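Shared between the two complexes below is subunit A, which pairs with subunit B and subunit C, respectively.
Up next is the complex of A and B:
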């Protein structure tokens, strides 16, 4: 009996430690490929992870924003449109919490892509940002060609959502927040309409901030 | 009196939720529609020898564009702010909007079905 108890306690302790260490490391989503290279005369196999490709959009101030502008930043991405009457106001009320938590920490951005670029021009986005109280450069509302937005969403940002979901299609208007690390890899996706998942995102950003900077993709 | 008032509010909320539910469903279809339109637009840039084929492709492309435009027009005009409107006005407004978004839904369904069928026939 005593031995059984000791065994039980040991298992409990082990699993507690295990979940604790898992929490400190976020998964890396997307495609991956092994590469073999020579380091100091030794053959080493490394993993190349999917990263966000180059893009070019315009923010609410009329400034051009590319993948390079985001170099060295942890960032959160979502998709919305200014006349959206349903989920977007809830998403952005929740995103404000993320914004307020990290706006002063540096090396952090939020980018919200409009999926209605015909209507959501730069002045419309500026007005929308003003209404939310965003006047700095920590949260950008981006406009670009609809085709470009849908392509980068489907092939890159929402890859993690697809990996985790059995539902077919229809992800861009599903309210997801996607977390990208400094190496432009996909590290998480969260339901932006659910305050609990948004709190998880905030915790995960802190985990990413404490990760050592590895080779940063330029 | 109080119950009557809360019943009216409940009815308004249900009507609005109904409209928004269809709207979100239609928005998700917009993803497939945009994808199909992108493929078709790229095919239209290539030389098409058969003129009947080209006419058919253009017709499908136009249906996709019209459905997309109908969706955009609806969402730009929809006004969720109902301040200063009477209960009757609100009920009428939401009921009309439901009809409007249902029409958009049918347009999108037709355009998506036709374009998906066409594109899958080409990939065979």
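Up next is the complex of A and C:
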């Protein structure tokens, strides 16, 4: 009995170390370009990754939110509208799980952009957030100029959105949750309507959070 | 044929009869319920959730048996034509909009049988005839 116990503990310890040593790394998505520069008289080639460009939106509290506000944060992005009858309730039911897991870890945000800014004014977004149960600053619901929202969705976060009167609710859009790291690079894209992929997102955020700091300062 | 075998046969036939009678009703319930589960997945689950849990204060849960029982005759209308305005479910207020659902009377009966007997609810079978009758008196 005693021996079995010791054996078990040994196996547990060993597997714990093992999973620690080959900890997975997340891919970096988007275009990349090599740059050559001189460091201490030596030629060094570095890779420049595509990053999220500057933006400016307003959150449910009426505060202005820019790319700078998110500096130093890992964040998850999605696109929705408050009157969406189809996938948005599923997405935000799943996003609540992400929110509850990370809301108190710091340096983490969720930003949900409305793709119907005409209807979804700041007060409408505030009411939606309140009813969803979000009263802190870990999950922002963003409003802005329609062109800005659609451009950043398609060009930068790579999520298709489109106004279409034949679709339920008047818009076609993809329910992706896009994971952005502290250097504003895309590190993952998950189907926000699929609980399994959302669990994967939660795991991946933990991986990102444990990335060493020297990788962050670039 | 020995008397043993004969009585055995009689017993078997009797059992068959009894279960057949029972399951006439049971069978109807099962058919409504299992078709209703599919209607639910396709038309309701996105909003009300796989476990009928709803979504925070945005979408009500479907586990308020007292509400369902009290509004039994109006439910077909709510589902067909949608529902808006303030309602109280499990002590909480909801005031968003449920859009109209394009379902046939039998599908409405199936999905109501499903929700009426899931999520800790225990209503009886809600059949097509009663749905049709109730639909005729929607405002």
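Following the convention adopted for this analysis, the second predicted complex is superposed on the first by the 176 of 218 C-alpha atoms of A that agree within 3 Å, B and C clash if a C-alpha of one lies under 4 Å from a C-alpha of the other, contacts with A are read in each partner's own complex, and residues count from 1 in each chain.
Rule of thumb we're sticking to: a residue touches a chain if its C-beta (ideal position, glycine included) is under 8 Å from a C-beta of that chain, and two chains touch if they have at least 3 such contacts.
In this text the structure is predicted, and so the values were computed from the model without any measurement.
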**Request:** Kindly say whether there is room for both subunit B and subunit C on subunit A in the superposition, answering fit or clash.
**Result:** clash
**Message:** On the A-aligned overlay, A:128 touches which partner chain: subunit B = first, subunit C = second, or both, or neither?
**Reply:** second
**Message:** Touch test for A:86: subunit B only (first), subunit C only (second), both, or neither?
**Reply:** both
**Request:** Classify the contacts of A:173 with the two partner chains as first (subunit B alone), second (subunit C alone), both, or neither.
**Result:** first
**Asked** Taking the superposition as given, does A:211 touch the first partner, subunit B, the second, subunit C, both, or neither?
**Response** neither
**Asked** Taking the superposition as given, does A:118 touch the first partner, subunit B, the second, subunit C, both, or neither?
**Response** first
**Asked** Which partner, subunit B or subunit C, touches the larger number of subunit A residues?
**Response** B
**Request:** Check whether A:148 is in contact with subunit B, with subunit C, with both or with neither, and answer first, second, both or neither.
**Result:** neither
**Fill in**
The only stretch of subunit B that collides with subunit C once the two complexes are overlaid, out of 3-11, 39-47 or 57-65, is 3-11
**Asked** Following superposition on chain A, which residues of subunit A contact subunit B and also contact subunit C?
**Response** 83, 85-87
**Request:** Under the touch definition given earlier, write down the residues of subunit C that touch subunit A in their complex.
**Result:** 46-47, 49, 55-59, 96-97, 99
**Asked** Can you list the subunit B residues touching subunit A in their complex?
**Response** 20, 23-24, 27-32, 34-35, 38, 72, 75-76, 78, 80
**Prompt:** Which subunit A residues qualify as touching subunit B in the complex?
**Reply:** 81, 83-87, 115-116, 118-119, 146-147, 150-151, 154, 169-174
**Request:** Report the residues of subunit A in contact with subunit C in the complex, numbered from low to high.
**Result:** 83, 85-87, 89-90, 92-93, 96, 128, 130-133
